[in-house]
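Chain IDs A, B, C, D and E follow the sequence of writing; residue 1 opens each chain.
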Amino acid sequence: MVEVQKMSKNFGTTQVLKNVDLKVQPSEVMCLIGPSGSGKSTLLRCIAFLEQYSSGNIYIEGEMLGYNDDTDIRKLTSTNELNHVRRNMGMVFQQFNLWPHMTALGNVTEALVRVKKLSRREADEKGHAILKKVGLAERALHYPAQLSGGQQQRVAIARSLAMEPSVMLFDEPTSALDPELVGEVLQVMKDLAKDGMTMIVVTHEMGFAAQVADTVVFLDQGEILMKGSPKEIFQGEKPPRLEQFLKNYMDRNAFWE
Amino acid sequence: MVEVQKMSKNFGTTQVLKNVDLKVQPSEVMCLIGPSGSGKSTLLRCIAFLEQYSSGNIYIEGEMLGYNDDTDIRKLTSTNELNHVRRNMGMVFQQFNLWPHMTALGNVTEALVRVKKLSRREADEKGHAILKKVGLAERALHYPAQLSGGQQQRVAIARSLAMEPSVMLFDEPTSALDPELVGEVLQVMKDLAKDGMTMIVVTHEMGFAAQVADTVVFLDQGEILMKGSPKEIFQGEKPPRLEQFLKNYMDRNAFWE
Amino acid sequence: MMTFDAQLILNHLPDIASGFGITILCTLIACFIAMLLGLVVALGLMSKAKILRYPVRLYVEIIRGTPFLIQLFLLYYGGPSIGLYLEPIEAGIFALACNGSAYYAELFRAGFNAIPKGQLDAAKIIGLSRLQIIVRIQIPQMMVLIIPGLVNVSIILGKETAILSIVTVPELAFVLIGIGAETYAYAETLTVLAVSYLILAELTSRFGGWTEKRLSKYMERSI
Amino acid sequence: DVLSDVKSKGELVIGTELQFAPFDFLVNGKHEGLNKDFFTEVGKELGVKVTYIDLPWTSVLPGLEANKYDMVGGPVSITAARMKRYSFSNAISDASVALLKRKGNTKIMKSEDIADMNVGAGQGSAPAAQLEAFSNTLSKPANIKLYVDNNQAYSEIMTGRVDAVANSLPNIAYIASQHKNFEVVMPPFGTEAYSGYVFRNDDESKSLIESINKIMAKMTKDGRMAEIQKKWFGIAIELPQTPIVPKI
Amino acid sequence: MLDFSTLLPALPVLWEGVQMTVLLSISALTLGLIIGTIMCTARLSNSTPLRILTKLYVSFFRGVPLLVQLMLSYYCLPLIGINTPALPTAIVCVGLCSSAYITEILRGGFQSLSPGQKESAIMVGLNRLQIVAFIELPQVIRLTIPALINEAIILVKASSLISVIGIVELTRVTQNLAASNFQPFEFYLTAALVYFILNSTISVLGLWVERRINSRSIV
């Protein structure tokens, strides 16, 4: 479904991703964990081709992403081709990136009308339904600036889900949510996973990673230090860096008996 | 230190805070918990007088905040008076609100130079020291757009702490941090609490609330449903709404034995 | 001993009114064309392809860099020598629109640059096309920043119509210069000119303000 | 009054536009022309220095009214309407109207030939009024196009948008003499007219007008005037030495 | 067909005209920026009288043609006893006129900043002036450079109007020369070229500053 081969990414002279290799199978849920600044968001953005990766290859459903071929001197593909390759991809951003000049409903329905070509009425119906699902039925006509942090985050999630993508990239989808909602949103995601959606999730919720992920990937300083099933990651033998990373959390919340 | 009396806040016709009564003693750490959209951020913003509260009174160190008197038809105080009343107050925002045209160091030192009148050199020294404390020594000269979410949040915290306020308002100060850092930042906050700083903290980290708070306040739909010591809140008899709110979290992370 | 003869203005009122009408018409048409053209030029200015960007940049610099009077003069009086015969009003509106497009283009470019990249990312990944992103996401948002600038340029274009008088377009300035030359009542004609342009400018800025208010209601608070 | 002010300042200040050959204009970047020569003599007679202020025509007369200078150069055609607002000196030049055409244009050999042709003139100018009156007497009236600036009207002869331009004889005669592409259609048409210098229409200015008229008469008598006219018009012209009663 | 030989003797006069245009543009632009910034902060203040006053100010100076403003202040003010010399009058008039446009440009910039930045500045204790100067203005400038450059270029060209109060600048010299030599194209082209050089200098400068700022803080 998503395959990342020896991918590296530089910002100027600093390398933030080094030789990343990943393979996500259809219907697999992969969680990315790692310390702040380790490159999780950047990796996700490269998979969405919102950043141009510097070397290596990324394939989405077998098609090369962003570049025309895999030789050394390569050319960017046209916007149309790019959009075609990532047509089934959705993404929820760490900073939500809502469109401030549209209401919550407008944010959700925009792509339904423009991309899926639904009629305004159908789109509104669908939009309302999805907003209701994330508990925002009454806030549909609020602008982002009139919403609380958690409400904004839920709109962002609703906006992506409305498009019914087959691969979803989540960047800390629960960071602004209260514990109760975290539970609910995680439940929604578990359901999606059960329905066979492929997901790559950056998260700081080890509990979620442990319960939902098929694979957990630990990223540190742009490198994959360990990759494995949750069991391997949380209970097995692990590199000292990961040990240390998890220690604090384990102390605070002993969620994994 | 901070006293909120029968304070209400409307946005247009919707009332988002209803008759809130709070009293925070010097050196007290108060945690605000509650579902998304319950009015936590708004309450914090009213205490900082970034929103004009609609009725009721707020006193900071005995001085009326924002309005000239407590009669019914009241006038806003001058900006100078207002700044005087909140001179010892610091705030960390849910969305960080960093200044994008300044480096991390610039964000931290700006007020040191302009308000505390330190020399550029002293300010830089102090700024570097604080950035080091939050683990950003190497990123001092990065602009916000070049920082990861967690790094931005830490800059925001550093910026406030640099001013050494006596009351700090934190709005979800750990939302973008990885578990390891959450631990560290919470440690910093615990230290501050020990040093006698008064703090009002909006948080979804029940672990933190349980361990550090003197008082925990549970807000729902703009009303204070319960107020008490962590022990009372987490272990004692509680209203069904709070029970339900905590239930999910308890299930997921059994941190409170 | 300046004198002011209101009767004189009243006598010429029909001429003045028709001149003002033509002024408004020229302004409206020119502004409209200029904005559309300006948008296209702005996209050219931001193109990644140098082969497109450089010529467009040169266009903007030449149009902005040289006086409108001279552009119009060359177009109208020099045009025939290369076989380009334009009616005065055609030449006037065409030159005015080109002129405006260069200024508008720079404003649009500023607007495009001001929109947080994250929002564009969100739009791209959800599958909106380039054009849809421009029309639905970028333009509505940049208006808060650039409407005052657009109003500025529109007001200036409105006043530049006075220069169309050199190619004998019978707009307001042309009529008033005529009255002035005939009667030497310059104080009166200048007053009429000033008041008329003031009205035109005020209308333009009211319209801008109205649009601005409608668009900016979403910018309310931060969290 | 103005005259004594001028004398006590030691300076006569004239507002004018340096785009009015052959009266005031630039030759190789220097101010030259009939006015320059004439006022140099006036300066000598009055014992004062002469200073010129160059302004676009629109602001020349408001400047006069605001006392920014003592008088206006020009000269301008003396008409009844204008006399209501300003005072004029005696005639400094003939202002009868003639046509300027492209050299070698055989379709216009006399003024009457402009019937049904495109003819340009200065918007609101005295020649324009005369042209219109004249055109109405023709078999088919001319198609008159008005320009805010005579120089543009002249350019239009070359672009072919107009066949001829009507303006006062001294101006177009000078242009034809300087520019090989143009030719004057002789003789002039219309009512006889003169042009003169402009002053404020108040008692204060009377003394200055009188003294300038006197100097004009004196120079006509001693031949200095004829010399200047020959230099700038090519010929000497006899002008009335009494205040003009305008027929236009 | 064009003949530039008559241009040579006229070069010294042209040069004087250029100098006047540059002098006036620079001083008026400086004045306009300073007053524009002040007016803009007043325009955005909480005080209603100040807001109305600045609105009127902008309406007047933006709506009334510069030509008329110049004539009013040079020819009418003397009637009520204010008699100022031409050059200062010109600088002040052009400066005030452009300040009205600049006020509006900056206002757009200030209003498009997210309120959060101001709030975080308030909370670390910066006063109003400091917030404007150190937090808002730098970002506003970044956002509005293209519009400000537009305005600067318009100002350089509008400076040609000052000839109505007897100051001889580039356009005036050119017109005089063109009228006297009957070679309008040659002289107008020369003037256009000079304006083009002046204005593209401004423009290139603006683009350079813009690129420098943008390369550092991407939104």
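One rule holds in what follows: a contact is a pair of C-beta atoms (placed from the backbone, for glycine too) under 8 Å apart; a residue touches a chain by one contact, two chains touch by 3 or more.
Predicted model, so just to flag it, every value in this text is computed and none were measured.
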Count of contact steps on the shortest path from chain B to chain E: 1
Maximum centroid distance from chain E, chain identifier (CA atoms): A
Longest centre-to-centre distance from chain B, chain (CA-based): D
Inter-chain centre distance, chain B versus chain D - centres from mean C-alpha coordinates, in Å: 82
Chain A and chain E, separation of their C-alpha mean positions in angstrom: 49
Separation of mean Cα positions, chain C and chain A [Å, integer]: 45
Gap in Å, rounded to a whole number, between the CA centres of chain E and chain C: 17
Overlap residues in chain A, where contacts from two or more other chains coincide: 95, 146, 148-149
Where chain E touches two or more other chains at once, by residue number: 67, 71, 75-76, 79, 114, 116, 119, 184, 218-219
In chain D, residues with contacts to at least two other chains: 58-59, 62, 65-66, 155
Partner chain C, residues of chain A touching it in the complex: 45, 48, 50, 79, 83, 86-87, 89-91, 93, 95, 97-101, 110-111, 114-115, 143-146, 148-149, 152, 156, 159-160, 163
Touching residues on chain C, where the partner in the complex is chain D: 1-3, 73, 77, 80-81, 165-168, 173-174, 177-187, 190
Sites on chain E touched by chain B in the complex: 114, 116-117, 119-128, 130, 134-135, 138-139, 142, 213, 216-219
Complex contacts: residues of chain C adjacent to chain A: 116, 118-119, 121-130, 132, 136-137, 140-141, 215, 217-223
Complex interface listing, chain B residues touching chain A: 11, 33-37, 40-41, 94-95, 139, 146-151, 154, 172, 175-184, 204, 206-207, 244-246, 248-249, 251-255
